[in-house]
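Right, I'll just put the structure down here and ask away after.
Order of writing sets the labels: A, B, C and D. Residues in every chain begin at 1.
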Amino acid sequence: MRESCGVVGLALTDRESDKAALPIYYSLYALQHRGQESTGITVHDGKSAQTQKGMGLVPDVFKKYNLKDLKGFVGIGHVRYSTTGDSTIENTQPLIVNFMDRTIAIAHNGNLVNSSELRYEFEAEGQIFLTSSDTEVIARLLVKELIKTDILGAIKELMRRLEGSYSLTILVDDILVVVRDPLGFKPLCLGEVDGGYVVASESVAIDTIGGTLIRDVRPGEVIIFKDGRYHSHQLSKTRNTAKCVFEYIYFARPDSIIDSKLVYQVRIRIGERLVDEHPVNADIISPIPDSGITFGIGYSKKSGIDYMEGLMKNRYIGRTFIMPDQNMRETAVKLKLNTIPQNIKDKSVILMDDSIVRGTTSRRIVDMVRKAGAKEVHVRIGSPPIVAPCYMGIDMATREELVAAHKTVAGVEAVINADSLGYISVEGLVDAVGIPADDLCLACLTGVYPIEVPGEICKRHQMTLSQF
Amino acid sequence: MRESCGVVGLALTDRESDKAALPIYYSLYALQHRGQESTGITVHDGKSAQTQKGMGLVPDVFKKYNLKDLKGFVGIGHVRYSTTGDSTIENTQPLIVNFMDRTIAIAHNGNLVNSSELRYEFEAEGQIFLTSSDTEVIARLLVKELIKTDILGAIKELMRRLEGSYSLTILVDDILVVVRDPLGFKPLCLGEVDGGYVVASESVAIDTIGGTLIRDVRPGEVIIFKDGRYHSHQLSKTRNTAKCVFEYIYFARPDSIIDSKLVYQVRIRIGERLVDEHPVNADIISPIPDSGITFGIGYSKKSGIDYMEGLMKNRYIGRTFIMPDQNMRETAVKLKLNTIPQNIKDKSVILMDDSIVRGTTSRRIVDMVRKAGAKEVHVRIGSPPIVAPCYMGIDMATREELVAAHKTVAGVEAVINADSLGYISVEGLVDAVGIPADDLCLACLTGVYPIEVPGEICKRHQMTLSQF
Amino acid sequence: MRESCGVVGLALTDRESDKAALPIYYSLYALQHRGQESTGITVHDGKSAQTQKGMGLVPDVFKKYNLKDLKGFVGIGHVRYSTTGDSTIENTQPLIVNFMDRTIAIAHNGNLVNSSELRYEFEAEGQIFLTSSDTEVIARLLVKELIKTDILGAIKELMRRLEGSYSLTILVDDILVVVRDPLGFKPLCLGEVDGGYVVASESVAIDTIGGTLIRDVRPGEVIIFKDGRYHSHQLSKTRNTAKCVFEYIYFARPDSIIDSKLVYQVRIRIGERLVDEHPVNADIISPIPDSGITFGIGYSKKSGIDYMEGLMKNRYIGRTFIMPDQNMRETAVKLKLNTIPQNIKDKSVILMDDSIVRGTTSRRIVDMVRKAGAKEVHVRIGSPPIVAPCYMGIDMATREELVAAHKTVAGVEAVINADSLGYISVEGLVDAVGIPADDLCLACLTGVYPIEVPGEICKRHQMTLSQF
Amino acid sequence: MRESCGVVGLALTDRESDKAALPIYYSLYALQHRGQESTGITVHDGKSAQTQKGMGLVPDVFKKYNLKDLKGFVGIGHVRYSTTGDSTIENTQPLIVNFMDRTIAIAHNGNLVNSSELRYEFEAEGQIFLTSSDTEVIARLLVKELIKTDILGAIKELMRRLEGSYSLTILVDDILVVVRDPLGFKPLCLGEVDGGYVVASESVAIDTIGGTLIRDVRPGEVIIFKDGRYHSHQLSKTRNTAKCVFEYIYFARPDSIIDSKLVYQVRIRIGERLVDEHPVNADIISPIPDSGITFGIGYSKKSGIDYMEGLMKNRYIGRTFIMPDQNMRETAVKLKLNTIPQNIKDKSVILMDDSIVRGTTSRRIVDMVRKAGAKEVHVRIGSPPIVAPCYMGIDMATREELVAAHKTVAGVEAVINADSLGYISVEGLVDAVGIPADDLCLACLTGVYPIEVPGEICKRHQMTLSQF
């Protein structure tokens, strides 16, 4: 369970300005944690679009090119995470489509659950796909409609056909269009910057360029930026939404505000709630860095148990690391995490982490902490047990790999070799987030999905397309 | 007027073999002169296709990857030349298309004259294009038909719709299909190798891998390689063909046999014919390397005038050369060509070249030779005057740039500062090639085109689709 | 004031083993924080030495090469930090010298204060230098002596001549020799690994490869690894040492044990001591990440004030970042650090940092925190004021640039716009470290240097060369 | 037997000019055939020196950098060839040495036969070497003397100590010094350019930048360029010189004038002479491209036999070629050379080549030509049999590998499978070159060396140092 993706859109009021690229670049830098595989920026100057994209981190991709060559007053950007199989230059976004003298550029965060069907439908008509991404499916649908109708009509039809999660920033020539799916799976927020407007996956991107968060883009809303103004259209209204709860637990930066909730505070509350749900008499509370830190601070504050780092992370571990052979696996964990035995020795230690997926890494860490002399090791987890896979854009694991899909908490406790194991409850998590359970996607925690997924249980949300 | 493109296809009889990639790599090496911008190979092992492609020369692209990872018994390859604007990784071939669990890979040498119309037609249906290449147009047409009918039927429809030049090697999953357009603009030949068959733009590619040339693929023919055999289908028959005469003059390697004619011998005959048409009493005949060499040998042999190199070429001049500023232009020519004054001084010199496009380079060379002490400089050209642009895949020049489109031979003689200038006649050229004028494309030399091009004169060839 | 350098040496008992390179690679990974500019490894197999080195991070350099090609039972490694001017491939270490059929490889952490004199002395004899590094000076001295005497004699003379800081790992053919300068400026520690011994700048490197820390290499000690054993020689004994106090404050990883003191605990004690020395009634204590974190935990624990992150760091900010123009400076800080206004608003905030150099960055951070709504901003610093430059290997700043060299604490407080500013006292720092002041180098904090530096005050340590 | 190296020096009269780098770059381009492994340029602007160097071809190395950053009125350049073992960035030239505030930059073409002794002598004094190149030995000797005396005195001592071949271009700060060894093994010529002077290994480099050849630098001469003038000093006079005869046969470009002899004409005369020495009644004469071309033209002219290319070379074959496995060796030759069977079939063919080293490649080519249908294959070689190794800078082969060191001509004829084999005689070669045998180095052809080489026969030239 690693990254998602990140999108940005920026529109300056002054059509003569050519300065849209630099703030988009900075915004993508702030969203780098959402995807480190590839990145790209497309800008438009009113006459034509230019794009720079490539594999790698934001600064690595854009130093190769000259960012100054990207001249435009409006633009979009993307950072991408993907599973190994699709890790190719062709899948890099924004996806650019030229048709009938128009240019469409699309940046997408999310995952369609009906992309195979849509793809099949197009292929049956003789259309072909050059990439393996959902984004090309979206592009085809969009263009098909744009030929017949206006932007808003096209997006409306898009929303009718697409099933799944999609936060989109789109350029239709020099018009910026942003869309959040009706269930609002993925975050998307709107801000004001000096001379224009910005839309981004997380509010930190707005902060970074000195902008001000206005509000979140609403589920089912489309916003069109034109002539220095933005026009909102609530194309779809559902009784309930399905905002991804894992943005709060793991994906988003703690300093982001997602759907009006500061992620940092949600994590503090999760830590506090874990004291109530799973108290333990321990000497220290040590986070597993970095994802356990804020939970740990909350737990410490509420319980009064000392916050003390028993594990240190090597900040330089990245993807390019040479994989050791099988019997060096232990070294691999040691390269990433090192214990501070003096902080641990003869102590009863609480380890805080965000989640347990397969259980193997947790087991190795618990063993390291025991080897460093811990008297007892208690594990507290900032999410409930993950019992079902995600189909909405998170490369988590299959159901077979999920340890909690097959074992009780006691069973997982044994697997990871902990003296005690405490997950936050679903109710506790929902309380900590502060959004009603009916408006969250809790599918991976409950096995009940907000949209239809073949073979899974679905509690269908009622969707109504608004008139406009 | 530089390069064209090159294609290769190879099918081994033994479906268990995984050795198709290496001979394709060697074949592309032999065709490197047809395109130096990008290259790619796709192979299929019966289950799935793998592709490696990239910008640069054949050895540079395939050293980056591990050629051994390309395992398959059948495959295609491509070397590409393109004008600056389209020089992007997306346009690199083979173009890969996945649809309905099938994989299509296409390598194309040629140029469509109705691609804009076809593209518009598709776009009007709501289809979109992700690249700017003709090849994507071909892919769309092909897939559209493959949904409805079998390979042969699809290629038949393709041939009906495509206007222009196309020598194609195609993988439809693990079936190799090769196509030469009905007019046979671009060369394509068939050979036998140890354990299978090979198809390539020029016979040198077959020689290089130790194979034997069987015959040329016929204009309008499609050959399908399946189950260790090949099946020929003459889908189209035209009264006449339109084989590009410039393959013989410039593009093809002299050691290639194109449509049963050895290029070297054609060039020797052109040189000999130039003696008849434009005799001159000179001391030496010196080629402008490398393209004038074989003409020069023929001229020398027939005339008895000494063949003597008055100009030497720097073999290391390539694209990466730092462009000097305007007043260093003379240096630029000197970097590429150097005179040997002792071979030239006080002599009457015949310079042999393949063609004159704008006249500026010819002028600089004539001036260099004069500066080196030549008494007289006579220029003989292995092609007739180029008076019209090419629309069939050669990046030659616009009509405005073509010096012979606006000037008489005497006028060009003055422009290039020669004591005399002699072009081979169209009749002489046709004789030297040994193919009837009606079966050659002479459009750039006559202004009469074998297919309809808006604003140009056309002598339409009669095409008949055969029944099958 | 950024990095130092890091060195590693490893000797396996089994001379037939070729496995020394991988643990050296992992050790360098663990020391990456000490230098990110270049890195290298040299191993020896008893017959010859092989080296791989290059510019960049440890995983980037060694993925280009094949680490498996480095076969040897003994080896050394280096990570390097350097000032811009010297950032060239030639200065990359280990430095390799071949002479009279012997190979010397040297990895050096430190800085000589008499290298110009030694260099001049050699040049006056007609010797030449191919690099600008101190390490070449050391190599020349070493070789000059090795011709006349044995390794120990040569190192003894080296120690007599070199003035400054030097922790060295050296290969003299297949013999590993490690040296720590008589004053022990830079850390160096000795550990045991499965099948041999390891020496490294910090104990984390030993932890990472599953080894056990034996002890620190003593100031003035040389250890020779031969025939599976190690032999210690105390070549120099000084009444006092001069261990760099900034290793504890900033350079070393918190999980390292330097001269028997766990860095983490020293930092916790500094934080606690700051409560005593500079108490303040505040709502939260927020570290400036990452260097202020452990101080902050200590301050919170002792004072009872809530530890709460008010600032978040972008983990992806690195060197390759495109520098914004002057009026984007504020953005530059925002890219690196973002405030969490909800944690700060209307609160009295204590910011913890390790040091103040120029004061400009501190000012920007204080301003950011104020802008985020802090009622009061109190700054607490884990070091005393830096009043003098470092000549022993730290690229800190010139005296002119050091804000505390010219201003009182009140003056600095005004410069950084803090409501209050508290540095730890020198006494407090010394207590927290737990090493007598006379055995620490406090030069940058006191202006009194442990060795002679032209123009600076020196309290000369008494050095006595031991007999052996 | 491949390349040598190439050197350039350029001094502009106007010390304020910063334009020396571009013509040096162009000159190196013209000398690229003398070394393709690495290249470098050093310029001096009167205050300091700047250097750019790297592995690869001239345009590849200097596009990476910005040639415009090299500002100076005087400079030197180098292209390098080396055997695999020494192929490292450290050995790239110019070699830069800084000592006592002076900068020395050295570019060297040649090979010392006493470098081991000199190296040992220095090492015995405790000096160390950081590279494996002779150039570092020269640098040490030079600096050692420059401390004691002036440039001329230093070069005089250099000439006294160095044994072997050396054409040097040196910068002593901003003074250009060029040196050719007393026996004149390697070429070096002097030219005038607009605004200054140029020195280069071959005259083509002077031609390329629009300069005029003045004369060759004389064996034993040193020329110092200072204050816009040059000063010649004949430091050594020997009764005879030892100019490398292989420059005429193979190394130099045909359009170069080496020691007043146009290489092209020498090669034509060799071809003509071969007709006299080894006449044969054949149908065509075909060169092995590229090195056999000019010999072939000469042979054809004199004999009247048709010059006809039976073999074509792939112009794109370079070093980066993926090596085929053993049973693909034949393919390897086919990739490089392809036969034109129509030119060969049923004919008696004369193949012209420059030399036979091991005989294996010649054998493969003869076999290819036979396979293409040749009735008879007669081989004519532009050099006498190579019977002894070269110690003066050519990476030819060991004596064991030289087929002619162990076999008679008849034996070699059998090895290469020729119907007849004719080498030019030593006398014929000397006549063709036009320089007395006593002034040529013919060591590889006679086994008698012009300088002492341990284990080899030497006819010592008498050397007298002139007074100055």
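Operating definition for what follows: a contact is a pair of C-beta atoms (placed from the backbone, for glycine too) under 8 Å apart; a residue touches a chain by one contact, two chains touch by 3 or more.
In this text the structure is predicted, and so the values were computed from the model without any measurement.
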From chain A, the most remote chain by mean C-alpha position: D
Distance between the centres, which are taken as Cα means, of chain C and chain A, whole angstrom: 37
Intercentroid distance (Cα basis), chain D paired with chain A, Å: 62
Rounded Å distance between chain C and chain D, as computed from the means of their C-alpha atoms: 49
Sites on chain D at which at least two other chains make contact: none
Chain pairs that touch, as defined at the top of this document: A-B, A-C, B-D, C-D
Contact footprint of chain D on chain B as seen in their complex: 22, 25-26, 29-30, 32-33, 36, 57-60, 62-63, 67, 204, 207-210, 253-255, 262, 264-265, 290, 293-294, 297, 300-301, 306-309, 312, 314-318, 320-322, 324, 328, 330-331, 334-335, 338-340, 342-343
Interfacial residue positions of chain B with respect to chain A in the complex: 89-90, 95-100, 104, 120, 123-124, 126-132, 136, 139-140, 143-145, 147-148
